[in-house]
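The two complexes that follow have chain A in common; it is paired with chain B in the first and with chain C in the second.
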Partner chain A sequence: MNIILVLLICMALAGLWAVMTSLLLRAAIALALTSAILTIIMFRLGAPLAGVFELSVCAGLISVVFISVISLTHRLPLQEYLKRRQSRISRFIFLPFILLAAVIIIFFIHKPILVTLPAMGTITEVRSVMWDVRRLDLFGQIMVLLAGVYGVLILFKGRQ
Partner chain B sequence: MVIDFSQFFWLFFTFVVLILIEGLYCILVTYNLMRVLIGLEILIKAVTLLIIVGGYLSGQMALAQTLVITVIVIEVVVVMVAAGIVLGFYREYDSLNVRNARNMKG
Partner chain C sequence: MSYLFILVPFLLLLILNLFPQRKMEAIAFWTCMLVFSGQALFAFFCVFSRWNIYWPEALLGFNLYFDRLALFLLFTVGLVGAVAMLVGHFTIKYEHERFNFKNLMLVSLIGINGIAMVRDLFTLYLFIEVTAIATFILIALQRDRFAIEGVLKYLILSVVATTLMLSSIALFLLFAGGLSFPALRAAVNASGGNFLILSAIALFLCGLFIKGGLFPFHGWLPDAYTAAPASVSVFLAGIVTKASGIFALTRFLTSVTGFSPPIKSILLLVGALSVVTGALAAIGQKDIKRMLAYSSISQMGYIILGLGAGTKLGIFAALFHFLNHALFKGQLFVNAAAVEEQVGSRDMQKMGGLAQNMPITGTTALLASLSAAGIPPLAGFWSKLFIIMALWLTGNYTYAIIAVLASVITLGYFLALQRQVFFGKIREELCNIREANIYVVLPAVILSFLTVFIGLCFPLVMRLIIR
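And then the complex of A and B:
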């Protein structure tokens, strides 16, 4: 439980870093760190397959996409950067206070949660659930992937 | 069989809410299109964590993992297309400032 608590605190801090940092590259790295910590939490809770997906896709592929997009943009002049940084600080200064207020509110509203465990016949094999119970989701995923490929093709066709 | 999971649930719920607020605040306050995408990613991370915790508490981890895989696939497609749109926007306006979108046709 203590390890989970430390991991959750690290994840929230990494997310806060991703939001508050003024450099986009650092924000992308912080996002990858958030994904990596989420992966460790998934492994600790007994979800290795989802953890592997999270690590390879979210911490890997999406970070590469973000860094590629950032590298295709140019740097701001120093004067402009300092000006925007000052503006950012004034906009994001309230976030830690809002987070603190949220923690206090949750502390006051929390009530006991009673959970009924599932019956003995529940399927515990991921492959069985994926291929037998949630088969329609796979069709949805394929459709979304094809739509994404089509969208990217349309975008790059428009560039020529 | 009924079990009291109060401490475990509220611990995770608190952090899920905190991460949701971080992502939402990032989307609401920023003017940079890349930061909007990063805020969206953080929101999806919170939802993923909530699904896993739900699966852990209800004892249906297989179903939760399947749902998380579906979420990740959709997340990748959304980020790919959004990154393409951001790049197109940057080439058109030479800036990632979302306020330039006011000059768009339509």
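And then the complex of A and C:
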């Protein structure tokens, strides 16, 4: 089987784990795992710089932010946790059927998409695009991160 | 020049946070007021000047473009932001919360100014996100249970919108090889109805509909508007939702896709359903802010109907209603803030006859309600008239009739609001109520004045805008 396909399935499973788990910390770890697998896929597809960004920002920085926020929360009492976990599992009862239906639909309607992909850029070109052409995007991303961190600080600081 | 609209708020944000909060309280308030009102005044004089104001600039590598549409949003955000700052100064009790409010308002300003001036789909998306994140925190600023619930609904639907928009951007990038508006326009024109390009357009439209709180993606809006602090509600209803949803949609349609018949059909359908759903849901609401929130869905539906006409008149009418809605809905939320602050409740059933003790709030609320219902000669009348004319002239008679009938419903629920809150004899327990603080009364008077002025001097305003 194609290694990319295996990685994609692993990534989907890690994503599902992130959504289904009832513990925030496990969800954050599962999300980091999803990003790490995506990084491997990007490296295999010949986009190392995108892979590095994915690993450093999504698997690294975002996980740190998530874990910092989770460290500011309190654990539920055990009885409450078990009760909520039970109700969470019942929410996903139809998920296997939906996934199966999606696989069947994709299998039958799958057609090759004819698009002309742009030529693969070199790392220098990517850097030039990031810094020269998309500098405003970098500024925007800094603002997104700044606002996010500021939000965490003011919403959780001094919270009982 | 255009990069200053991004850099000035950013530098102010940095400077304000370099010094201790207590020493900076008054300075922070007045400098933020100066930035917001200065931006509104600058944009106002640019719109009404004879300058050639198409200024593409690439200083600092920031590819921003300055045109009349951008100036229109810059003016509106400056005006509504200044009003929200004044209201926040009065209604937010704790010093640290006021300071955080100012910081987040500056981040929102950067986001909305970016939305106004960019010409690239990914950059547009990024600035929508900057605005959204600042708004999430603003709504939850006071950290009560309802605020957290409201912001969670907004956050979850925003994540869906983000996923849709990013998927759309990926598809566009695949086909066009770039994301600048001219490149995308060329790719859309050359696509010949390609399924994936159509999917990309549909995904981006759905994302913007969620951001704009339009039917059937409006579930988050009433809770977010109601749960937010009073000043944040003014900003949210006055400009944020419209900038992230409606303005971005207008830019996307005019610069990328154009108004093809399927797009017009979708816009008309979504617009009409939003107009009717919002108006019907507003009837019978007991919470004054919740009623205004549902009314906002309805009024944004009118803007989409104007865009759905797909003509120059329709686009003009939609943008004009955009401005009018920012004025009268911003003002109604200011009035709601005044009432909530003085009465201590938002439940309209506990009110009555407040106009006796709060004459300025009562009068300005009446003017804004009449403008929202499209009563002549107020500003809302003209924009609704032009939307209906645009629909009628393009043969969309059913939608034009729906727009007229929904306007009657709007008049009905706003008169019910006036009767329950302001008209009649004042309740005994409310006899000691006094007019709200100047920080709330002044913005209401300014916005009322603008609503009346634009309505009475409409031919002059229209001639200047169209020029």
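We take it that the second predicted complex is superposed on the first by the 114 of 160 C-alpha atoms of A that agree within 3 Å, B and C clash if a C-alpha of one lies under 4 Å from a C-alpha of the other, contacts with A are read in each partner's own complex, and residues count from 1 in each chain.
Quick note on the criterion: contacts are C-beta pairs under 8 Å (C-beta built on N, C-alpha and C of every residue); 3 or more make two chains touch, one makes a residue touch a chain.
This is a predicted model, so every value here is computed, not measured.
Student: Please work out whether A:Ala147 is in contact with chain B alone, chain C alone, both, or neither, and reply first, second, both or neither.
Tutor: both
Student: Have a look at where A:Leu25 lands relative to chain B and chain C in the superposition and call it first, second, both or neither.
Tutor: Neither partner.
Student: After lining up the shared chain so the two structures overlap, which partner does A:Leu136 touch, if you call chain B first and chain C second: first, second, both or neither?
Tutor: Once the two structures are laid over each other on A, A:Leu136 reaches chain C alone.
Student: Give one of first, second, both or neither to describe whether A:Ile70 is in contact with chain B, with chain C, with both, or with none.
Tutor: In the superposed model, A:Ile70 contacts chain B only, not chain C.
Student: Who does A:Phe92 touch here: chain B (first), chain C (second), both, or neither?
Tutor: Touch partner of A:Phe92: chain B, not chain C.
Student: State whether A:Leu155 touches chain B only (first), chain C only (second), both chains, or neither.
Tutor: Once the two structures are laid over each other on A, A:Leu155 reaches both partners.
Student: May I ask you to name which of chain B and chain C touches more residues of chain A?
Tutor: Larger number of chain A residues touched: B.
Student: Could you look at A:Ile41 and tell me whether it touches chain B, chain C, both or neither (first, second, both, neither)?
Tutor: first
Student: Of all the chain A residues, which ones make contact with chain B and with chain C?
Tutor: 113, 115, 117-118, 133-134, 137, 140-141, 144, 147-148, 151, 155, 159
Student: For a test of understanding, state which residues of chain B touch chain A in their complex under the given definition.
Tutor: My answer: residues 1-6, 8-15, 17-19, 21-23, 25-26, 29-30, 32, 34-35, 37-39, 41-42, 45, 48-49, 52-53, 55-70, 72-81, 83-88, 90-91, 96.
Student: What part of chain A is in contact with chain C in the complex they form?
Tutor: 113, 115, 117-118, 131-137, 139-141, 143-144, 146-148, 150-151, 154-155, 159
Student: Would you tell me which residues of chain A are touching chain B in their complex?
Tutor: 1, 4-5, 8-9, 11-12, 15-16, 18-19, 24, 27-28, 31, 34-35, 38, 41-42, 45-47, 49-50, 53-54, 57-58, 61-62, 65-66, 68-70, 72-73, 91-92, 95, 98-99, 102-103, 106, 110-118, 122-126, 128-130, 133-134, 137, 140-141, 144-145, 147-148, 151-152, 155-156, 158-159
Student: Considering the complex alone, what residue numbers of chain C touch chain A?
Tutor: Of all residues in chain C, those touching chain A are 6, 10, 60-64, 100, 103-104, 107, 110-111, 114, 118, 120, 122-123, 126-127, 129-130, 133-134, 136-137, 140-141, 143, 174-175, 177, 196.
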